[in-house]
């Protein structure tokens, strides 16, 4: 921690600052520059992080030297983590594709979609049972019934299932029926939910919040690892910006940035990220080229009548064509699919 | 709902669109313009809202005519709502001030702060028991113990208490100890939590999400009203933008905008909104001048040792001085304080 | 300047870094902490600012200690600056109001508007001659003809004139006809234009760019002061955010923030900032309460037929009523109007 | 244009609105819905675009049906445009790479860099002569001297040159020495500069403004086409968001979005877009995978001593390795490089 003092700081104020630092068991190092005096603090930065040093008279600004997260960082674990779900490995050489409908609308459409995406080469089945909807008047999901359909279709097709958990009270249900528990963007900082899934042994797919910085995203993951669950997969799904041509702004920069800062696998959801099926293909290919460990793509047999997110869903035949293209891109960047 | 068709739409596509609208029990009105054909749809827009019309071939864009919320709108209730909490009325002529420490750290500091803010003229005591912290290594609040302190100090001072609910499972505790249940910015779209407080009879203080549009903010409130609880107070507390001089960008435009669109009371939190005690005064006065129904302000007897948000807390004597200034501003804009 | 080294930095890399700093005539101070080694640099930070230290092997990050601007800062000049335009003083006790039409459409409407705003108490006449319009198909302003009308009406009413300069080649024209040269938001980083007005002796009204941080805004002003012209007035006029209920997000936080960092006067433009006449009143009052030194408000005798920005223009009678309210707010915050 | 009327609109107000529309030579079509009356307007939307219909009493909102740009749109020209610069074709099957130093620092470094990038397969030489710098204390470029070096090195290597124009008065110089005139992000809405290059016959590289929506970006291009110059190449170079891990947020979504809306070629600048050399490779590959027509990449023989943007510049050998990878990605998406 570096403490920059104000140009007009008094001797008494400097003495008070030094005393405060010593009282915390840390060692202050005062250094006088041409225009400012600086106090470097030697010892654990964690102790200082919770102290509001900025309010001490004479302090101009406080600059942390270390990153605020630990367990998720590459410094903690230099090699990339692989999260295993059944026989699927996320974070290794293979690019993992999760596909399926936005919401599970009924058993038949789920079966139909699951067979189609499996046939096209998808590894994991996605489908929403509990749906976080902006409006209370929108379809809220079939709930437990959908979980049962997912479980059934998972057995039929051999694909593990990823589905979203919204309410801490539904955790046991998800543990029973799901292979990967998804935490949605709107719950990325629902800290009780993070702690809850941190106490399960399930793999967790953590989606980036709409306005979360990458540091906040990694700190949200830190909540899960800190509870003992290291099976976390991060998912970039679009951030909120001023542009209005896409539903969100899919931030592919997050892929190389997170790969540098963290050992956790990173996947990309171009369906929610763009909100429009005709941008899903280009952005999915771009994600793989940027180094993503996987993709999450919405597929619906008849988007015209989808109960949620129809505009961003691919028809099965378009998904099949896209998988071929993705395979080619994966290959030239040293991955398999 | 207005459906704009593509310039190269075919007759067959137009027929299909019309058929789809009629099948939903609505009346299509086709209108040929110079450059585009447009289909107006007469009947309830709600039916169409859940239909992904954009994916039907030949459709260029879909433009809703009505606002997506109802119960919170001024059209539904033209006169401004007043939310009563004990003898305090929020949304009337009086500007209501909620003040207290960010977190309840112990009984003594709470008592000391409560007496000071009461003395200065505050109406409601704020204090966090469950704290949503970006980092798992930060102080997470005293939990139920803090609720008991709040309840005790509330009785001693006669001030109702507002405190945050983070976990649906704690709702009964909050119903027991709090007068106003706060839903924090990070939980604004935690829809299960919204439904839960919608089923209580407690007043709810709903904070705007960091990246929530005003439409989304009102839809979050709609979730609560839709469950039967109309005692909702909205709170602007800063949005996320690119600027880095303040912790968030307090968006005072939200005050007149919400006042125009909704009948619900709107208050402003300049402490979280700016993150810096020396901006709290100017922005608090500005909020009252802009028409806010109240303020939420953090006060701490010794910000240097606060366990959370010290940099944005006012000392009791500064708060007392600010209250005088606020009273003068309230008066010239036709309010009392 | 503080240079934080990587945890795995080698001795050779440290030696190279120290050598580079010494070669620049500066003094490095190495300090080993528990988890990182840090190099403090003593001497002028300016020399380092242009050096890409981040790319030197072994460097993790570089943290500047000083602010990047000088002449505009309160450290350079602790007392607030007053910019005089004729008998009008901007930045003193009085709140200065600039009012008039968005564009000068013809002589008659300008005269009519000017008389009305003068009558209501405005101090300076605004009116666009050269208009920066998003679309090439929108009205681009009357150009020199408008400048002549402004000059004429200025003489008739005794109000100084502020109008926008867009093209460096028009500087002599503006010097002839205008009292304050406005640099618009879209040209805030048109550095040649800044240098050009920095070489005139005219007062300059510099509007904040749509996505300019306050640091960038102050650096843009620094370009003007650096050329010798210290008569600069800053104007907050709304930034670009995700919200869509107002045209821009008027950022009133900028007022106390700039007042703290700089000695230059700050005014607020609620007309462009909100884009809607019914939000102008509340936000104008809020701006004065927040400490603004002035306001810029659009007034049009018949907004229905305005050639630009009709929706955000006030009718003269509404402006007159607002001036009374503003006067009351100014008074209670220790200002005059 | 669709005009939605307020629920409480009076007959007199409706009559006034209809009269206003007829007076403009357009045909109003009134349609009464369940909750709102709507007025569709038949005839040229351009006439209405400049009219502030929102201010007419009784009007709730105005929704344009058509896009505000014409010449740049795919409707105007369905096939993709190819911009030819010497023998280089931008917008065809080949992915075009522009590479070179951020600033031209001296003849030797330019020659060295130019030879290296030519050798690696770059098509066009980039290099700044006039530099738009946030701070007046940063290196501002060598000006005309740099243009001469660029011209000389262009002849030696056979690569056309792209360099930035900042000041309308320098247009003749750029016409003499440059093959492509670049308009930088900060000047995207410097409308006089746009008109000026619109009157030349040179190819123009228009960079997207930091906070420009794609609609505004296309309207800026429209200014150039509208003056008769159709040789415009668009360049995505990062937008301003809240995230702080990259200098800007490179918005690759812009590539498929612009490809859908416009016939103009689109290239991507991952160097400025990310601000960090280690993200340039992944984002360059992603840009090609997303469908970009080209790339602009900064290369410097010794980034440690670069006078501008050192942190984002690639060493020649890294650039050479990247070109090989880009070639492979281009191939699998049906392009050549």
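Labels A, B, C and D are assigned to the chains in the order they are written; within every chain, residues are numbered from 1.
Everything that follows uses one rule, which is that a residue touches a chain if its C-beta (ideal position, glycine included) is under 8 Å from a C-beta of that chain, and two chains touch if they have at least 3 such contacts.
Here the structure is a predicted model, which is why all the values come from computation and not from measurement.
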{"item": "B-C or B-D, whichever has more C-beta pairs in contact", "value": "B-C"}
{"item": "From chain A, the most remote chain by mean C-alpha position", "value": "C"}
{"item": "Separation of mean Cα positions, chain D and chain B [Å, integer]", "value": "38"}
{"item": "Computed distance of Cα centres, chain D from chain C, in Å", "value": "26"}
{"item": "Centroid distance [mean C-alpha coordinates] between chain C and chain B, Å", "value": "31"}
{"item": "Residues of chain A whose C-beta touches two or more other chains", "value": "211, 240-242, 244"}
{"item": "Complex interface listing, chain A residues touching chain B", "value": "20, 46, 49-52, 54-56, 68-69, 132-139, 166-169, 186-187, 189-192, 210-211, 216, 219, 222-223, 226, 240, 277, 303-311, 313"}
{"item": "Chain B to chain D touching residues, read off their complex", "value": "2, 4, 7, 29, 31, 33-36, 38, 40, 42-45, 63, 65-66, 75, 240-242, 244"}
{"item": "Touch list for chain C against partner chain B, complex", "value": "211, 213-215, 239, 241-246, 249-253, 255-257, 260-261, 273-274, 278-279, 282-283, 285-291, 325, 328-329, 331-333"}
